[in-house]
Amino acid sequence: MHKEEQTITEVGVDNLVSEVSKMYDEGYRLVQIGCGKYDDIFEINYSFDKDCKFVNLRLKITEGVVVPSITGVYLCAFIYENEIHDLFGVSIKDIAIDFKGNLIRTSVKNPFNTPTVTKVKAAKPAKSENAAAAGAKPDVKSDAKPDTKPDAEKKKEEA
Amino acid sequence: MSGLTKSPWIIHYDASSCNGCDIEVLACLTPLYDVERFGILNTGNPKHADIFVVTGSVNEQNRQVIKNIYDQMPKPNVVIGVGICACSGGVFKECYNVAGGVGQVIPVDVYVPGCSVRPEQIIDGVVKALGILEEKRAAFAAESKKGTDTGANADAKKDGGN
Amino acid sequence: MAGRIVVPFGPQHPVLPEPIHLDLVLEDERVVEAIPSIGYVHRGLEKLVEKRDFKDFVYIAERICGICSFTHSVGYCKAIEAIMDLQVPERAQYLRTIWSEYSRLHSHLLWLGLYADAMGFENLFMNAWRIRETILDAMEETTGGRVIQGVCKVGGVRRDISDAKLKEMTAKLDSIGGEIEDLCHVFFDDASVKHRSVGVGMLSKEDAHKLGAVGPVAKGSGIALDLRQTGYSAYGSLDFKPIVETGCDCYSRCIVRAKELAQSVDLIKQAAANIPAGDIEVKVKGNPDGEYFSRVEQPRGECIHYVKANGSKNILRERVRTPSSANIPPLVKMLEGCQMADVPVIVLSIDPCIGCAER
Amino acid sequence: MGLFSMTKTVLKSLFKKPATIRYPAEPAKRFEGTRGQMEIDIDKCIFCGLCSKHCPADAITVNKNERTWSINRLWCICCNSCAENCNKDAIYQTNVYHAPIVAGETDVDVYQGKPVEEKPAAAEEKAA
């Protein structure tokens, strides 16, 4: 079984940029920045790679903490940082190319920051918009859930 | 296919599909399946198209795009939802950013199920859609013949204006 | 003159098979700046881990993208297997390698076709896709799916390929090897291909490193970044060298992909010759607990599947960093200073897979 | 391209079979292992609901009381997960694809199981 060795070093908000600059000076390549929210703690992983050696810096923050951007060191971080901002609502300051929350426009704001997003299947918002135009639309039919409203629809079809 | 008199042109839009169905739509155009035998062309311009092929599900950002393309198409047209995502949202229908099938935004005439669909299925779907298109055309022609100030004319004007 | 105008490019555009939107700031015909805006394909499937148990999530992982679907499932399964310390049988590892290389062949042929199409070389497009169909046939025959295979599962693979079938596949590859060579020959030497791509979309080695380019984009700029060298699946026991070109332009990226076709054919043959007998899966007991960054080399480059689990049947967090999203910053750099007419070629040269990039 | 190699290509193309399948006039290519639509042998089904629990697309609904097994064809992704999880091997995959569905046509296939026979059998046993 192939299992890579993966080191994870914790950093703080204060020394994040300096640690990242150190990685840059050593010739590492920024692989990705990924965020996760576990209970109330945001865990941001900065992954670096050099000749297939994989190293991580980990930043743990709580809600409301402003994270400094590392786009000054690695410009390509802008895409990940904007994504984290859009999906998690973590505020990151001084991003070189800041989309201001418009990189990924989602129907739910900061979807990963909310507890389990439950999209209620029975009540799709746009359903009624053109239900009349499309007649019986198969994708809206909730026959798979016999208890909702197939009867009403069937009646409509008959009429 | 024998009763086919006109060459329908299709326009393809990838709503938020995984590419699986997209490349199968493209594969229809390439040598093995070659829908150009039927005179079907893939055009990039909605104003030239008769058939609107949508792959993938609808989300917040592309809702308007789909509507725009549909509104720009000349009116007796058909919409084909290709793939499970376009039909109902597929495996992603519970995702926060997926509103569901294409039927949420525009009326769909033919659904082609499959994940991912096979080119043969797409051809079958197009054949079915052609039948519907012919019907719609006949109805449209009848309507514009009898009506002097009917909605059909107004519709046609609106399309031109777009 | 030299007034600046902004031209919106996409999301629905004749050369783009997928929706990406670029605001191109033009000075005459020259692009000064390109601002990408994505999100047309964002589904938010990473959040689905809360609903599906970790074994069923494979089906969703492979639907991240219809082109690299097999490699996505390998990446996800590899992460779970590493966390749970599962010993995947050797035969399954070899089968995964074979299918991964088949999907690389299919993806690169698809791309070469699209690239030719972006240059207006329709005939080449048709030829590339005709060869691709034979690859898809082999895929469908062995896995059951043309583009979405669904054979990879946590702990192994679902289907086996018989030895007779493997022989047949190798023989088939031999016969289409010549056709692939003919096709590559056009990309290597044809004057019109060179004219459209040499010196277009420059990305220096330093920029590629700084902007985190991966896959053929990095390889085309002289960086030997190939994760197959880490030896996952069966790559550790196969003989190959990453293909590197130093031209730093669209042409080099094209050459890298064309050469990788021959390399993939070679790797499949090696794997088919050395495949050991044995089981194709292990039983999975219990739930994963831990975290792992699983890295695989997709046709488009390095892909990361980060999985964190806490011992329940639903994993806590799955994060996918796809090669296409890593290649967007280099794309922005490449577009600066190019001609408006070259934009489609440059956009295609990174092999954008927006379905991947936005998940 | 030299004249010679061009002639070679032309000759090759002249005698080669066309690459196109004339579908639908000609039948489509099919492989044995192709993943097509799901079918059920309803007599084998015990309505345990494992298939619907593991369905990534939630396409399957099992109603134990009414003894029905229904699948929404517009939701099913033909992944074979239900067949793998079926303890009774009632569900199987065919290599035939579902035909396109015109809007308004039914998209849910309902399979009705036989009514339960165990109870009368048990009653008979008791009586005997």
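Here the chain labels run A, B, C and D in written order, and each chain numbers its own residues starting at 1.
Simple rule for what comes next: a residue touches a chain if its C-beta (ideal position, glycine included) is under 8 Å from a C-beta of that chain, and two chains touch if they have at least 3 such contacts.
As the structure is a computational prediction, the values presented were derived from the model and not from experiment.
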Touch-network distance, chain C to chain D, counted in steps: 1
Result of counting contacting C-beta pairs for A-B and B-D, higher pair: B-D
Which whole number of Å gives the spacing of the CA centres of chain B and chain D? 25
Roughly how many whole angstrom separate the Cα centroids of chain A and chain D? 34
Roughly how many whole angstrom separate the Cα centroids of chain A and chain B? 31
Taking each chain's mean CA coordinate, chain B and chain C are separated, in whole Å, by 29
Shared-interface residues of chain C (touching two or more other chains) are 39, 42, 44, 47, 59-60, 63, 130, 133, 145
What residues in chain D touch two or more of the other chains? 19, 56, 58, 72, 74-75, 77, 79, 101, 103, 107
Chain B: which residues touch two or more other chains? 31-32, 59, 61, 87-88, 90-91, 93-98, 101, 103, 107-108, 111, 115, 118
With touch defined as at the start, can you tell me which chain D residues reach chain B in the complex? 19-25, 28, 56-58, 72-79, 97-103, 107
Would you mind writing out the residues of chain A in touch with chain C in their complex? 1-4, 6, 29-32, 34-38, 45, 47, 52, 54, 56, 74-76, 78-80, 97, 99, 102-106, 111-112, 116-117
For the complex, give me every residue of chain D touching chain C. 19, 29, 31, 33-35, 54, 56, 77, 79-81, 84
Which of the residues in chain C come into contact with chain B in the complex? 11-15, 17-19, 39-45, 47-48, 51, 59-60, 63-67, 69, 110, 113, 125-126, 129-130, 132-133, 136, 145-148, 353-356
Which of the residues in chain B come into contact with chain D in the complex? 1, 31-34, 37, 80, 84, 87-88, 90-91, 93-94, 101, 103, 107-115, 117-118, 120-121, 123-125, 127-128, 132
